[in-house]
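Both complexes shown next keep chain A, but they swap its partner, so chain B is in the first and chain C is in the second.
== the complex of A and B ==
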């Protein structure tokens, strides 16, 4: 069997001040899989994916990315791991002093993955894919939230990562812009890019996920296919969560 | 007025010294501020501690005391500094302590996710610092730095106290000489002229940075080559007339 891309076992994370953000989390993600992480706020979803690219330190258990043990390694070694792990943030986190092209090409050029011309061609191809071909020279501050988030996705993709982490990518967006970002994410999912998405978008989870994980209070409460999870949730906490969501939708 | 015109060569020489002192002070202040400012947000606590010590030491002593201390204290450690060098060392140490604090404040005001997104993209820590974080704090710290630079230019007149023949001292010499020769003091006139010159220098600096600020803001917000956007701005201009 092929080696899983991400193997997390018995992962624990305790913040200073004693808050237990993750409790014995086990998760294995295969290459090409799309995993959606659901759960109420404060359930540890974001912390979990931030541990996968070293933005949070862990306090117990183990994480393997592409076979390499990563928890507890030095910042210098984390850098190498991060070249293969892309991340899209809730608030886009584009670099405001660079234009769109500059944002996308900076990291691949610095990492020596591509030369300037090559990186710019690739950036144009990605921008075209997300429907922003006319924005390559635009300063990021002139873009809408949805456009900025699509650029942020291009920026992460330009590094040709093995896995993409999404940390609530649509939560900061105005409602009318959520669709354009989700459309890009669905397309990536279809193209077979490995993705772990923390999101509140149930529609996306239903249509794009291979697997849904429900977290609450730092634990993985339920792990199931989207069909099973949304139609026949096993755990009581999952049921309550889905009830709350559907009431809110109605 | 005739007196000032006659004294121009002397005043000019003084002004040149002031310019030299000010420009060297600003240059060194900028570099050391940057260095200490970056150290103060370092991952390593030893660098942070050294930065705090430097900043607090020089910031908490009056500049005049600092200047006298450097000028009269240097010979005690076997370093006889001439007035110009003593003033330069003193102003630079004071200026860079304050400048480092401005830079630290700039870094602290940056959103946390900027550093995180740079890290997540696999940039090295120096790349994160110099290509991502530092360029972003230039704009917000520009007004505070202009203030500091303006203050430092004005502070160069303190060099008179240790005997550097800069602009203010040249003026003083003229006033004293004229008073001795004619019995009448032209102090108001001469110092009035000095005041105007300092004002013009510092005001020009402020105008320049205000212009620079506007330019950076425009570059970071306005998309010049977007036909659709130009069209949409036209619309918003037309709309009020329609209603």
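== the complex of A and C ==
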């Protein structure tokens, strides 16, 4: 069997001040898998994926990315790991002083993996895929939230990562723009890109996820296929969460 | 007895004034350039909390801001000379003004860098950029733009404070005026004349910086 891309075992994270953000989290993600992480706010979802690319330090347990042990390694070694781990943030975090093309090509060029012309060709291909081919010279401030997030996805993809982490990518968007970002994410899921998505979009979880993880108070409460999770949740806490959400939707 | 204001006297003094102006501009522009670089470097040391160096930068800023420029100038010109490290008037003046302006620019740039959203650093790191590249390609281009108005303010102060250099015999604008006044007692004419000259170059400097700011508004195509 192929080595899993991400192996997390007994992961613990305690913030200064004693808040336990993650408790003995075990998670294995295979290449090509799409995992959606659900849970109430403060449940540790974002902390979990931020540990995978070293934006948070861990206080116990182990993380392996592509076979390499990463917890506790130096910032210099994290840099190499991050070349394989892309991330899309809730607030896009685009570089405001660069235009669209500059945002996408900055890292591939400066990390030394592509020449300028090559990086720009790749950026244009990605922009075309997300429906923003006409925006390559636009300043990012002139784009809508949905367009900015699609550029941010291109920026992460331009590094050709082995796994893409999404940290609530649609939570900051106006409702009418959520669809365009989710459409891009679904397309990536179909193309076989390994993804771990923290989101509140139940429709996306249902249709795109291979696996759904439900977290609460720093623990993984339930891990199931989307069908099983949404139709027959096993844990009491999952049921309550789904009930609250459906009431909100109605 | 009434004082008779004489325009022809000012006219006659223009060759001297131009020489003084040239020295004022030379000393100021060199000092402004050094103070911008010095301030940027010290602000970066403090941002990244580089051990030892960031503490030195902090102490330097406090020291320069808490002592009079004239005392600093005398210390460098006379004090260092008594240790056998005489730099001469010009370089003593440049050093004092650069160190003085550098301290204020450290605070200016620190403010600019603090205005760079924290998320951008996480974004840059998660893209595999080295911290030094993040600083050079993201944080400084954004932070320096933010602090341009504050740096202009400091630069104007450096320019105006170059008139202190007359105290150590640098033949800049104020020195030239003092010299003429000592010979001819035309106080009103000379101080009005150099006042207007200072006003003009400060206005020109401000206009140039506003131009620069407008140009930098447009996002770069690539970094």
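Here is the rule we use: the second predicted complex is superposed on the first by the 250 of 250 C-alpha atoms of A that agree within 3 Å, B and C clash if a C-alpha of one lies under 4 Å from a C-alpha of the other, contacts with A are read in each partner's own complex, and residues count from 1 in each chain.
Assume a residue touches a chain if its C-beta (ideal position, glycine included) is under 8 Å from a C-beta of that chain, and two chains touch if they have at least 3 such contacts.
For clarity, every value in this text was computed on a predicted model and none was experimentally measured.
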| item | value |
| --- | --- |
| Combined model on chain A where chain B meets chain C, clash or fit | clash |
| First (chain B), second (chain C), both or neither touched by A:86 | both |
| Touching partner for A:95 - first (chain B), second (chain C), both, neither | both |
| Partner chain in contact with A:116 - chain B first, chain C second, else both or neither | second |
| Touching partner for A:131 - first (chain B), second (chain C), both, neither | neither |
| Which superposed partner A:105 touches (first chain B, second chain C, both, neither) | second |
| First (chain B), second (chain C), both or neither touched by A:139 | both |
| Overlapping contact positions on chain A, where the chain C interface meets the chain B interface | 53-55, 75, 78-80, 82-83, 85-87, 89, 91, 93-97, 106-107, 110-111, 137, 139, 141, 155-156, 159 |
| Residues of chain A touching chain B in the complex | 53-55, 75, 78-80, 82-83, 85-87, 89, 91, 93-97, 106-107, 110-111, 134-135, 137-139, 141-142, 152, 155-156, 159 |
| For the chain B and chain A complex, residues of the former touching the latter | 43, 111, 113-114, 116-125, 127, 131-132, 135-136, 219-226, 228-229 |
| Touching residues (chain side chain C, partner chain A) in the complex | 117, 119-120, 122-131, 133, 137-138, 141-142, 145, 218-223 |
| In the complex, chain A residues that touch chain C | 53-55, 75, 78-80, 82-83, 85-87, 89, 91, 93-99, 101-102, 105-107, 109-111, 116, 137, 139-141, 155-156, 159 |
